[in-house]
Amino acid sequence: MMGIVQTGLHQLAAATLWFPLKPTAASSIAENVDLLYYFLTALTLFFTALIFGTIFVFMIKYRRRTPDEIPPDTKTHMALELTWTIIPTLICVVIFVWASWLYVRNSVPPASATEMFVVGKQWMWHIQHPEGVREINELHVPVGTPIKLTMTSEDVIHDFYIPVFRVKHDVTPGRYSSIWFEATEKGTYHLFCAQYCGTDHAEMIGWVYVMSPQEYANWLAMSAGTPSMAQDGERLFNQLGCASCHAADNSGRGPSLVGIYGTEQRMKSGDLKLVDETFVRQSIVNPNSIALPNYAPIMPTFQGQVSEEQVLQLIAYVKSLAGEERTSNSK
Amino acid sequence: MSGHVVPVKTYLLIFFALMILTIATTGAAFVDMGIWNTPVALAIATAKMILVVLFFMHAKYTHGLTQVVILCGFFFLALLVAFTLADELTRHWGPQPHAWSAILLLARGVF
Amino acid sequence: MADSAVHNAHAHPPGFAHQFETMDQQRESATMGMWVFLVTEILFFGGLFGSYIVYRALYHDSFEIGSNLLNIKFGAVNTIVLIGSSLTMALAIHAAQAGKKAREQMMWLLLTILLGAIFLALKFTFEWTADYHEHLIPGFGFVVRPEWGAAGPHVPIFFCFYFFMTGLHATHMIVGIPILFVMTWMASRNKFNADYNAPLENTGLYWHFVDIVWIFLFPLLYLVGGRWGTH
Amino acid sequence: MSTATLDIHAHDAPLPSGERKNYLNVDHSVKSWLLTYDHKRIAILYLISITLMFFVGGLFAVLMRVHLIEPQGFLVAPENYNKLFTMHGVIMVFSFLVPSIPATLGNFLVPMMIGARDLAFPKLNLMSWYIYVIGAAFTLYSVISGGVDTGWTFYTPYSSSFAHTQVVPTAIGVFITGFSSILTGLNFIVTIHKMRAPGLNWFRLPLFIWAMYATSVIFILGTPVIAVTMFLLGLERLLHIGIFDPAIGGDPILFQHLFWFYSHPAVYIMILPGMGVMSELITAFSRKRIFGYTFVAFSSLAIAVISFLVWGHHMFVTGQSVYAGLIFSVLSFLVAIPSAIKVFNWTATLYKGSISYEAPMLYALGFIGLFTMGGLTGLFLASLATDVHLNGTYFIVAHFHYIMVGGAVMAYLGGLHFWWPKITGRLYPDAWARFAALVIFVGFNLTFFPQFVLGYLGMPRRYAVYPLEFQTLNVMSSAGASILGIGYLIPLIYLIWSFKYGPSAGPNPWGAKGLEWTTPSPPPTENFPTIPVVTEQAYDYAQTTGMVEHG
């Protein structure tokens, strides 16, 4: 591991002789974002040159020749005013449509994306793979596979930023946010916290290792025997005593959790609520806020007893219960 | 010179109107009108405000500029609230929202 | 100003400031200045109203529980008291504008002060004290009651807004009362008449504004809880 | 031009020394300064205090740039670096940029340009300065007592629950300073509405007045919201009641909404007055009427209104709703258009003019170029797709410094040089002034252009240490900052010198139009012996009859 870091550092040191003008584009969306960026750069250069150039020409051509020179009056030219109102408006519309289309397209992860989990806390990143492997300030991903990161924070607002993938999103306490990417270039890349989060904000950085699928499989195999996230979650589920109420056969004091993930559940108030990550998290840290029609509000809160990572493991377990249910239903 | 002098009778009338509206809004709080409770309460409050602004504060008798200033204040307050809610209430939407569910959500959320 | 004697072209009525050309200009400027100030006040309270609306949208049930815990009687009585003080304020200005004697202006002003003081006394000595004993003040031993159920954890947010908003409103009244005393003193010195009453008029605008804030606070805090279930 | 007559009245009798009486020499006592209601003297008081704050904030910037020469950090521990950028931001934004042009040049010029003896509320004006001083004192107190490290944006829950620094005094400082802005804005709005000289209708007003009016509108409507936000932040921090703390159900993003509802329009508070100064400088030094007066005038108001609708573009990656993001994005593009209109009109004003290159004009031309760049790079950040990559990086830092330093500070210096002879009655050495303008332009670009590249490469802002590959660009930026720092010191020296030793300026050294140039320099306390009557449009250089000859 240290070897890779050192090689990376050497490469970087070599690069500092001068400086690059563009970051590596290493994800499926990077080139598209860059294209818009170049368009905007060209636009900026064009108008800056236009304004500077015009001013320069006027400065020389119309310099004051005698101290008491009074130039003739120029009348306001309506057509000209309208031209330079309408043309920028049209340009802005084009950029807006382009940028928004790209943004909406880039922000929807493909259904097939592999889900990984990120917890930010002052001042490190905890990452867990679905297979259960955990990393700190490092993220190993296979090339060519869409990856969706589900992220939350233990404390303040952080921001998960991988420049070469052109992805970034705030990581906010109390809620889940997500980004997705599909790496296209193998290599070692920076991972930054981009939202100021306190003393060691600048140290909240790490490396993303993009590997070939084979290398990634090997890397996962190095930690073979690690329980998967769902297994971690199951262990916690038993340890914390959840299983005594949420029995799989619905015999406990609480509802069975088998098959509920991804469904809509009716609340006491009559509303339907989607059982998603936020819902499960909410029912663990603040069970009182979820009132079900046929169950007494007797569940204690687990806030402070489970870390955000453990909550994510429990979510993975609840998700896996839904998966089993679906497969058994289809049989 | 010193502007319009409003007769005392007008002030008393407005005061009684305000009293009646206060009693009405307090009473309305004990009647279940479904989602209409908050709109009714706010409508009565707005009516009271308009009476105070127009007569007690003499906005009815000042010239247009002052009225523009007042409306400006409320307009920008509306902007602050509307745009903040535009985020807060649509934040949990998926990528394809249904326009109608959005309006329902807004109505249920606010009232 | 040292040089105000410069514009000795016009005779100086009392209260006339050197930077103006006419008394009308001065009067209009003063009124407009006050209105512009009130616009900033609208936005000042507006930030709180906006946040209130957001949290009410998020925690609808908690806000209903919180609202029902407030004493509607005090709220209603205070509304009447405050609107009454607006009336007396308007009558004080009327007395000046109609050229009535200083004694009448002072009487209405003192009545306004009295009603304002009653409002504050009710608010602080009865309502807030009761809230304290019932452990309803966030940051000072707030207790979430089990009977609130699912909505319980967010009831403190309602009370935060209750105390912020009524506290800020009360602060405005506490600022207003000394100003009213100054006006009373000025009235006693025969400062105000049909031609010159801008300070009085502006004080009135401020006082009515404070009244309007309460006109909205009363329903938003006391009335939106759905009281029918509690009786 | 006005038909103001400058006949000397009896009260203008010269002082015993033989000098003409003016607002500066009428009374030299400290008390006469601290208790003055004269808008011109209050402008000087503001000028001194904001210059002080500028150099305090600038010192922090210098320390930051020195620190960033080395990737591991050269100077201070990370927690102190965090305090440096926070204090730099807080002081520069709230104590310098917001009051800079309005409270100094605006205070001095608004009554003079509209032919009034003073602002409508001189006592409020003095009060606003005292409030400013108290606010600045709180801010400086928080520096001395250990500093604050939340960033000038005070994002919750870091600022409310996690930071261990002087958040509350700083928040109080911002809260109080806000009220001084409100009073200034209120005063300007009423003055511009009610105290214009006879004949001076809205479309004869100098564009600086339009800009001041638009700025005042933002002061009035935006500042109360930042005040109440700071109030909530302070209470949250002291009592831990959970308005912004997600652990208790609060919403940290709501803080950002409230914060940016003011702080985005505040950016226009800083640049609109600069735009107003530009219109004055360009016309005076090309002796032309402004091209497209109504377009330039209304674009100021358009900016003021639209600026309240775009704050969400600071929050594209915070987890704000995608739909709100789309709305804010399209509105952000909308605000670019009035700015573009202004730039095109200024450029067109030069066409067939009679252009001379005294120092203020060099600042003005520098402004147009830098503002164009700053404005266009804003499009990168209004575009959702590119903002995702650039948000929170040095690209943002570069963009807003192009607007704030390249724009607002250049305009402020240009305006200060332009009206300095009016304010002090003295001329400064123009060669030095041109040299300083050049040094500042070069230093500025060298400092901030590399930061665009750094941002695109992905270097996040607010980093006390950074990866090695960013060093070259950081060193360039630091080198530029040292030039820029020197550039700012030069005017400080020769302006102070000229105040004492500069040659007498005369009422109108530039041959400029505008009521302020019809009075002697420095003006008498009451500005105009008789209130002028205005019969002509602004900047009417071509009509020779409008030229007022001064003896």
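Brief remarks follow.
Going in written order, the chains are labelled A, B, C and D, and every chain counts its residues from 1.
Everything that follows uses one rule, which is that a contact is a pair of C-beta atoms (placed from the backbone, for glycine too) under 8 Å apart; a residue touches a chain by one contact, two chains touch by 3 or more.
The structure presented is a predicted model; accordingly, all values stated were derived computationally and were not measured.
The central chain of the assembly on a C-alpha centroid basis is D.
Between C-D and A-D, more C-beta contact pairs join the chains of A-D. Centroids of chain B and chain D (each the mean of its C-alpha atoms) stand 36 Å apart. Chain A and chain B have CA centres that are 41 Å apart.
Residue numbers of chain C whose C-beta contacts span two or more other chains: 32, 36, 39, 42-43, 46-47, 50, 54, 58, 153-154.
Counting partners per residue, chain A has 104, 107 as the residues that reach two or more other chains.
Counting only residues that touch two or more partner chains, chain D has 193, 221, 225, 251, 253-254, 258, 261, 319, 322. Residue ranges on chain C touching chain A, taken from their complex, read 61, 149-154. If you check the complex, the residues on chain C that touch chain B are 23-24, 27, 31-32, 35-36, 38-39, 42-43, 46-47, 49-50, 53-54, 56-58, 60, 72, 76, 79-80, 83-84, 86-87, 89-91, 94, 97-98, 194-195, 197, 201, 204-205, 208-209, 211-212, 215-216, 218-220, 222-228, 231. By the touch criterion stated above, chain B contacts chain D in their complex at residues 65, 72-73, 76, 79-80, 83-84, 86-93, 95, 97.
By the touch criterion stated above, chain A contacts chain C in their complex at residues 268-269, 286, 288-291, 297.
Taken together, the chain C residues at the contact with chain D in this complex read 1-3, 5-7, 17-21, 25, 28-29, 32-33, 36-37, 39-48, 50-51, 54-55, 58-59, 138-140, 153-154, 156-157, 160, 164.
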